[in-house]
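Shared chain: chain A. Partners: chain B in the first complex, chain C in the second.
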Partner chain A sequence: MMKQWGVLFKKEWTESVRNFKWLWLPVVFILLGVMQPLTSYYFADIIENFGGLPEGAVLDIPPPSGAEVLAGTLGQFSQIGFLVLVLAFMGTVAGEKSHGTHLMVLVKPVSYFNYLTAKWVHILLISLSSFVVGFAGAVYYTALLIETVPVNNVLSGGAVYALWITFIMTLVLCLSALFRSTAIVAFGSLGTALLMSVLSMYTPDLMKWSPGMLSSHSQMLFYSGDTGDGFWVSLAMTIVLITGIMTLTIYMFNKKEVAGHTE
Partner chain B sequence: MNELTQALQENWAIIAPVLILQAILMVVALIDCFKHDKTNGPQWIWVLVIVFINIIGPILYFVFGRRND
Partner chain C sequence: MSLIETARLTKKYNGNAAVDTVSLSIREGVCTALLGPNGAGKTTTLNMLTGLIKPTEGEIDFNKNYAGDRRKHIGYLPQYPKFYGWMTGEEYVSFSAELAGLSKKKAKESTNKMLSLVGLEEDRRKKVSGYSGGMKQRLGIAQALVHEPKLVILDEPVSALDPIGRREILELMKTLKQHTSILFSTHVLHDAEEVSDDIFIMKKGKIIIEGGLSELQQKYQQPAFFIETEKAMDNWLSSINEKSWVRQSKLDKKKLTLTVEEVDTARDALLKDPMLHKLKLLKFEVAKTSLEDLFMKVMR
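This part shows the complex of A and B:
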């Protein structure tokens, strides 16, 4: 059982090495992470040169705090970072389905549990390591150019945000397993992420439980080292949802595939 | 303009890693593009996209240009 899982996982691994996912995703995240502190640092220079200010105008913008810059970095990750991750992994199962290659794996007595969890762990491993190196880049440049943020705040905020990424990528795998169209996977997961963060921004009281709250909790951690109200509720809920989505996906996939074979 | 170039030159060590990473992204995408005979869409267009659109070009290639088989 364990051996089969290892084989499936290794197949995923060699594939993502071969198509350079292990290289370009971390590089993109480092670039994203480094950009925010860099642009904050050079902001005044950039405005002076390209902003079309009248001659002699004096610009007095207070430099942002380190926490602000890190919060901004997470904002970049939530937009461009998520987009890139979802586009990279939307075809995880759906792509194999449309090519029919998943049948080559699944005609053998492979358990769907192993098939899907191997993919899940693999996706999370790449996404989270990309996030970690990107975030490390952001923290390093922020310390270098702006100011240091207390290590505890950085680590706890980063960890909370990592859980939010885990949630989204679980959703990507789920949709990818259940739908054939990669467009549905992309729009479904990005739409859910957007909806959850917007709702938790405008109605935080109703959305206390929502995983979408996690990113604002992580930003709070940067500023104060403390989370907002309802942190534990959303943390617990996210873990419950991740487990629930995975269980449901394996169950539904099982049902669908078995039905497909006997038809 | 002068002030910005000056500011950038002073901090060359800070900017250099960014440029190097961009270059890595571009070179890897180019190598992959040349190695495969078939891409989604004309290969020469992908080469232009990778070379001339900073950062985003290589990403576009990796996501949409590769043909998986």
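This part shows the complex of A and C:
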């Protein structure tokens, strides 16, 4: 059983090594991560040179704090980073279904649990690794150019954000397993992420439980080392939701027909 | 004891039965053909046997001697096999073997054996995406056989191939017959006649004819006469049609195919018939109808 899981995981791994996902996803995150401290640092210069300010105007922008820069980095990850991750993995099951490559795999004595969780773990591994290297880049340049943020704040904030990524990528796997169209997967997961973030921003009291609160909790950790109200509720709820989505996905995938009606 | 049996197997899509109360019995150690036109429900039937589709009604029983997940004992080649193109042929077969539970070492051994069986040793390290149609079909057979299944199910294994590829696969199937039981679907009677021992003919979701090949041939090959004359046969034919030894007649302009009960009686009667001589015989031939005629008849 475990052995079969290993075989399936190794297939996923080799596939993303050969199509260079293991290269370009981390590269995208490193670029995003490094860009934020660099632009913050050179912001005043950039405005001065290219901003078209009237002659003689004095620009006095206070340099951002280290925590602000890290929070801004997460903002980049949440927008461009998520888009890239979702596009990279929306076809993980849906693509196999529309090509038909899943047939000869699932006709073997393969457990659907293994098939889906091997993909899940692989997606998380590559997404979180990309996040870690990108975030490390951001932290390094922030410390170099702006100021150091306490290590504990950085680590705890990063860990909380990693859980938010885990939630979104679990959703991607779920939609990919249940639908054949990659467009549904992309819109569904990005839409959910956006909706949850927006709702958390505008009605934080109603959304205490929501995984969408996690990114604001992680930002607060950078600033103060403390989380906001309701952190534990949203943390627990996110873990419950991740487990629930995975269980439901495996259950529904078992019930669905593997082969469609062809004739 | 049969290898796999189905009882009143039915699959409905939106209320329409794609497969309708099919009861099959596949014998161990033989090659069985599931024959029928496109849309007869062959693929759906095979997919239910493999477990890729769940039956709406009915049961599937695999031989009790082979316990556990039925998929362990089945090797399957879909009609249009789709591989991970980024793998090499060798990697794919070995991946399949390990999925089926073979140890790494055994998977490697079995992969080597299968690749040489299907003649892909030289291309084993090429990416599957660069394989030709025939090579993919052979690779598909290799992955279906690599875990030494009790039953190999091949869905239209030759229909997408050119004549040479077709020949290769049919020859390969003849070799496989020695080692394992085969169930394959086809819409070409000739392929079924060439390699199979048992034949099931399907039409509109139902099995309409079943039996051993030689048994069917004997049963449905009837003695027949091909007669050609210079003059029109219509009038004469209506008198002949009333005779008790005539089964069926088919007139195509001045060519007549006459299926009869028994050759000798019919030949005597025909040759003694003065009416026939007046029509000026051009051709008088004793022959047999083939399974093809039967097949064409039921398929219409």
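Here are some notes:
Simple rule for what comes next: the second predicted complex is superposed on the first by the 257 of 263 C-alpha atoms of A that agree within 3 Å, B and C clash if a C-alpha of one lies under 4 Å from a C-alpha of the other, contacts with A are read in each partner's own complex, and residues count from 1 in each chain.
In this section, a contact is a pair of C-beta atoms (placed from the backbone, for glycine too) under 8 Å apart; a residue touches a chain by one contact, two chains touch by 3 or more.
Everything numeric in this text was worked out from a predicted model, so none of it was measured.
In the superposition on chain A, A:G91 makes contact with chain B only, while chain C stays out of contact range.
By the touch criterion defined above, A:L8 reaches chain C but does not reach chain B.
When both complexes are overlaid on chain A, the residue A:W232 reaches neither chain B nor chain C. By the document's definition of touching, neither partner reaches A:Y251: not chain B, not chain C.
Once chain A of one complex is fitted onto chain A of the other, the partner contacts of A:H99 extend to both chain B and chain C. Contacts of A:P109 after superposition on the shared chain: chain C is touched, whereas chain B is not. By the touch criterion stated above, A:N19 is placed in contact with chain B and with chain C alike.
Comparing the two complexes, residues 19, 99 of chain A contact chain B in one case and chain C in the other.
Listing the residues of chain A that touch chain C in their complex gives 3-4, 7-8, 11, 14-15, 18-19, 99-101, 103-110, 257-259, 261-263. Those residues of chain C that touch chain A in the complex are listed here as 13, 18, 38-39, 41, 43-44, 47, 50-54, 68-69, 71-72, 74, 76, 78-84, 86-87, 95-96, 98-101, 140, 143, 147.
Per the touch definition, chain A reaches chain B in the complex via residues 19-21, 23-24, 27-28, 30-31, 34-35, 38, 42, 45-46, 48-49, 84, 87-88, 91, 95, 99, 141, 144-145. For chain B in complex with chain A, the touching residues are 1, 3-4, 7-8, 14-15, 17-18, 21-22, 24-25, 28-29, 32, 55, 58-59, 62-63, 66, 68-69.
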